[in-house]
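In the two complexes that follow, chain A is the common piece, with chain B as its partner first and chain C second.
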Partner chain A sequence: MRTRTSRQMTQTQAAYTLLLPFLAVYALFLIYPFFRGVWISLHDWNLLAVAFNPDAKEFVGLRNYERVMWGRNIEWSLFAAPFWQVLGLIGLALAVLLRLGDKLSRFNAIALGVASLLLIVIPGFHAGEGGRWFDRRFWPTVGNTLVFVGLAVPGVTISALLLAAAVNRETRAMSMLRTLFFLSQVLSVTVVTLIWQIMFSPRQGLIANITQAVGGTPINWLTDQQFAMAAIVIATIWWSLGIAMILFLAGLQDISKDLYEAAALDNATGARAFWYITLPNLKRTITVVVILQIILHFQVFGQSHLMTQGGPNDSTQVLVRYIYQTGFRDSELGRASAMAVFLFVIMGCFSIIQFVVGREIPE
Partner chain B sequence: MSGVTMRSIIKKYGDVQVIHGIDLEIDDGEFCVFVGPSGCGKSTLLRMVAGLEETTEGQMHIGARDVTRLDPSDRGVAMVFQTYALYPHMTVKENMGFGLRMNKHPKDVIAAKVAEASRILKLDDYLDRKPAALSGGQRQRVSIGRAIVRGPDVFLFDEPLSNLDAELRVEMRVEIARLHKEIGATMIYVTHDQVEAMTLADKIVVLRLGRIEQVGAPMELYHDPDNKFVAGFNDSPAMNFLDGTITEAGVEIIGLKQTVPTGLAGGHRGRRVTVGLRPEHLMIDPAGDAVTVDLVESLGGVSYAYLLTEEGERIVVEERGDKRVSEGQRVGLTFETKRLYLFDPETEQRIRD
Partner chain C sequence: MNRSYYWLVTALAIPAFTWLVPTIWMVSLSFQPNDVLARTTSSTAFGLIPLPFTWDNYAALFSFGQTPAWFLNSLIVAVGMTLGVLAVSTTAGYALARLEFPFKKTITVICLIGLMVPEQAVFIPLYTMFADFGWHNSYHALILPRMAVPIGVFLMMQFFRAIPKDIEEAARLDGVTWLRIFWYVMLPLARPAMMTLAILTFLYAWNDYLWPLVSAQQREYFTITLGLASIQSNFAQSEGLGRVMASGVIASLPVVILFLIFQRYVVQAMTVGGSKG
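Take a look at the complex of A and B:
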């Protein structure tokens, strides 16, 4: 009698066989284009010229990166951007002090330290006398993107958390509300921006109507440099609340009811129960949501492209839109790819952090 | 003074009434056990004392205070949960001190009380651990410690030993009894385990379907049950119930082919009754010929013989020592007449002579 193994595949063989289709697609549509992108970023590569003549490209090494991120006579000093750099110094000092006082875990101390260090170093670069940045728009665009992420991520996280806590009840009304809040998530970015363009419209918009009703002057949200970014952030929060809320709901349902009863006997109800019981038990969910949102919102494009076209005065120009314009409007594919690699590095860092945090042994 | 007094306590969930007017006095320092099958309302009643369930009607007093409408934290009670309900993100020390912290007690007071509780419960080596690093028994001790630290008037235990394995359960049972002696506070303890009820209680409250069946000291309930339910509940294996009829000569127990004299005779002649006999009060008579041995379970020192009457009634007999019957054998049963209980088959109430 023949043995089983000679007729049938081993588990390993079966696993590879089943994985093969996925790996093939993954390699073809993700791995290859990624390396191709890195390759393009090392060339002076005009989209149209290369399309007509494949030889019309020139290997330039890291020059694209230099042209995008560097300039002539760039200097570094500690007081180029005092606000951010001092903030960074304070952060660094806090990280050291709290770690020495054992108030901060090693992981958090390192995270705070690295973030503070970046805050000290990066804003310190500036063009010296007679010098200039080769690309004046790149770093402000990165700054805008950071501002967007810095507002949208806490905005989404906090509002999703509060909403989840509020609708975490087993009544019919609450399950309807849960569905309603999630509904915005399924809309496409075009629809979302359309809705919010109407909302923000200074003539017929809902917000303008309310402002007028209480006797104020309507804000010209989308064309006012002060408010354009806020408008985009608000629309984004409304749009991406759903997933975060669902994740928080899952986390909330993992917290045993007994804990709240024990807390009620210990005189911790309502806001205090939320602070002392809910939040600490949601720590891991919050970390996951924050990092997922960071990765997601660094790629913001549609909202800025459709609502404000990057304006007014470039105040809502974000990285992906700039990459898109450089590559497909200006046909500078090499430079666009260099920026894309830069964006990849940032998001790669957060993905690694998420991976590390996700693997941390639960308490 | 911090006994618990319940007057006409009623609990309804919407239209469904689960507690039907309970009147109960629990004295200061008493260890009172609520016992009954699942769904009898014992946990609900305990949670109503705690304030975790609202009291629909009636009054609840702790000591002289009316606590019916008070928040759980204002009632002066502490509760030990079946699932321990320890805060997973806090250390043992923080878990025990949390209640005092929430009530804004000074840090040194909290530290002193936590130290005292951890001494009583021998938790000193675990104070800086998180609950996940503790065994089930240790977790339950922390949970009890959390209750002690709060210095409550009344301790509430909701099936605290159900999640522990058999050996630990016995150990913790002894520990809870010791704790009651040491602290002397009023304790209310919910369980479905009659061994826990019998060993711990000063007073047992037997509940069924939201009503009190009987209240009394453990031995009182054992020797003098008010009805068939109580008689059948507080013993394992349960009391045997057989059909019987009152005759001129006494009670005729049909399945045993015996008539036993009773003070009832007279006016009750011809009345059908249910006869109750505890397994430990029955002795097998190998010379007899009334019942058949169906099965014998040997547990070492004790063995249980399962017998069948000709009417198909099942009887359990507890035997001690080495004399054994074999399956299929025909035997008779003997017992002392004073060990016999009579119940009304309709109302299930005890018929006393």
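Take a look at the complex of A and C:
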């Protein structure tokens, strides 16, 4: 083996030669920017001032995080937000009880427990006597993002699941329907918002035209605080149902046909078969799809930015749009970076959960 | 094929139609005259049928306005990004999957961690970096950041791992160098995976919005996705609804055609992309 000519590369040399281009761009355009982002978040960093004079930044430690997430006289108490906290307590109790009764796997018990605990702790913070949040918009923005995720994820998951179960047949008609439901997924966010902005328009919109034709009064979807978030969610469901449907179809392929035949003998077909066979066997796929959707939709930007501009009255302001505005409209890169780090931490938690779920719980 | 099947198809026609309507509407509006649209958007069948019909919007789009230039920008950026991502991903993917070298595990893990970093978490530092280099408003500013996303490396790594080892070993015994094995033996085998990665990257490049929004501030460097966003905020006054819709149709055409031709690859690519970054 050692007789090979010295001109030839060793395996190690070949490996590093092949790896070098990627590692170079990776280090330069992903790893370095990431740490630089953390570094910016520790500074008072005005976009325009620093652009003209690189020394115009000032190290402020963690103060940006304080300015974004904290306030003066912030207190914590149980029942500051009774609804969410009671919900959290119920969840915690359920997690413990169901785990003791062995009705819940350890993984699910921990997941429910942690989620409930967060639900008890986080809404408990509030500005006390004479106090106020330093940034009044940050937590409401996070809340809006969560509302968006809370509506879009179940919306996409449930409709994708039902459609997948319906079109899971190898016929021409069904394959055409699959194509059709997936088609909107390839469009860009700006095309989607263009279509839906005008669909929802109270004067020119198709929805308003149909409403008027049947004698109703058109709704100001995008400028009415009650409907703006719903409008964005509808557009999002229309746009992003395809991937979820495809993942469910892949999951459905793995369910043995024998199960359905056996169930048919017991008179379980159609909806009953769906409930008793499809759903339990699809648990893992559903978990994967839900986590994936949470990661995807937590980063929502275009729909809110283009359809409602965060309005009306900040009701559709979402986290990424707030980061963008703080950075590029208000030129406050330090604060914006602190929020970006916050976003990364949340995304990181879900990525880890995704990783763990992807590896474990073989059923 | 029993009766319940036909019931199912009939029942599915309703969601299918609902799903199709927004797209049909956009296409139909793009073929209607702007002065009609200014009065009403529901001339025939709620505007879903383009009557009165006109080609004017498309003619106007190509004779003046920036849409053709934006379209070209998108094409350059998407093709450049696709080639760039393929180049760095196939090489790195092969090395990580098939070669033995010191610190292999460490490097693999470092690459894996990068999957967790979302674009939204690094776009501010990237912006300041590129501003320092004076790179904004250029094609490479739009292309380079995506080449650093390790999703392609992992796609290729998984593919190369599945190829039987004996193909390589036979070539090694003949004294073929590693780089030649990569180029002449492995790359031809990797075509399906490269196709999936190419489509994933092309779609991403074509549809990306946030990074072009911060990086390309001069209208000459807008991609079509960004350009469309810039005209939709004030479509009513400036260009007329029909022309904006025509821009939307033009902006969607390449990805829709790509989808209809390479449906299997597109679905696969988007599923991989959706599930891993």
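Some points to look at:
Simple rule for what comes next: the second predicted complex is superposed on the first by the 340 of 363 C-alpha atoms of A that agree within 3 Å, B and C clash if a C-alpha of one lies under 4 Å from a C-alpha of the other, contacts with A are read in each partner's own complex, and residues count from 1 in each chain.
Simple rule for what comes next: a contact is a pair of C-beta atoms (placed from the backbone, for glycine too) under 8 Å apart; a residue touches a chain by one contact, two chains touch by 3 or more.
Just so we're clear, the structure is a prediction, and the values are computed from it rather than from any experiment.
With chain A as the common reference, chain B sits beside chain C without any clash. In the superposition on chain A, A:256 makes contact with chain B only, not with chain C. In the superposition on chain A, contact of A:277 is made with chain B only, not with chain C. Vertex at the C-alpha centre of chain A, arms toward the centres of chain B and chain C: the angle is 80 degrees, rounded to a multiple of 10.
Looking at the shared chain after the overlay, A:264 reaches chain B, while chain C stays out of its contact range. In the superposition on chain A, A:16 contacts chain C only, with no contact to chain B.
By the document's definition of touching, of the two partners only chain C reaches A:301; chain B does not.
Note on chain A: of its two partners chain C and chain B, the one contacting more of its residues is C.
Once the two complexes are laid over each other on the shared chain, residue contacts for A:49 go to neither chain B nor chain C. Of all C-alpha pairs spanning chain B and chain C in the superposed arrangement, the closest lie 9 Å apart.
The touching residues of chain A, when paired with chain B in their complex, are 256, 258-259, 261-269, 272, 276-277, 280-281, 283, 363. Touching chain A in their complex are the following residues of chain B: 50-52, 71-73, 77-79, 81, 83-90, 98-99, 102-103, 130, 132, 146, 150. Touching chain C in their complex are the following residues of chain A: 4, 8-9, 11-12, 14-19, 21-23, 25-26, 28-34, 36-37, 40, 47, 50-51, 163, 166-167, 169, 171, 173-174, 177, 179-191, 193-199, 204-206, 209-210, 213, 238, 242-243, 246-247, 250, 270, 288, 292, 295-296, 299, 301-302, 306, 320, 323-324, 327-328, 333, 336-337, 340-341, 343-344, 347-348, 351-352.
Across the interface of their complex, chain A is touched by residues 1, 4-5, 8-9, 11-12, 15-16, 19-23, 25-26, 29, 37, 40-42, 46-48, 87-89, 91-92, 94-96, 99-102, 104, 107, 110-111, 114-118, 120-129, 131, 144-145, 147-150, 153, 175, 177-179, 182, 203, 206-207, 209-210, 213-214, 225-226, 228-229, 232-233, 241, 244-245, 248, 251-252, 255-256, 258-260, 263, 266-267, 270-271, 274-275 of chain C.
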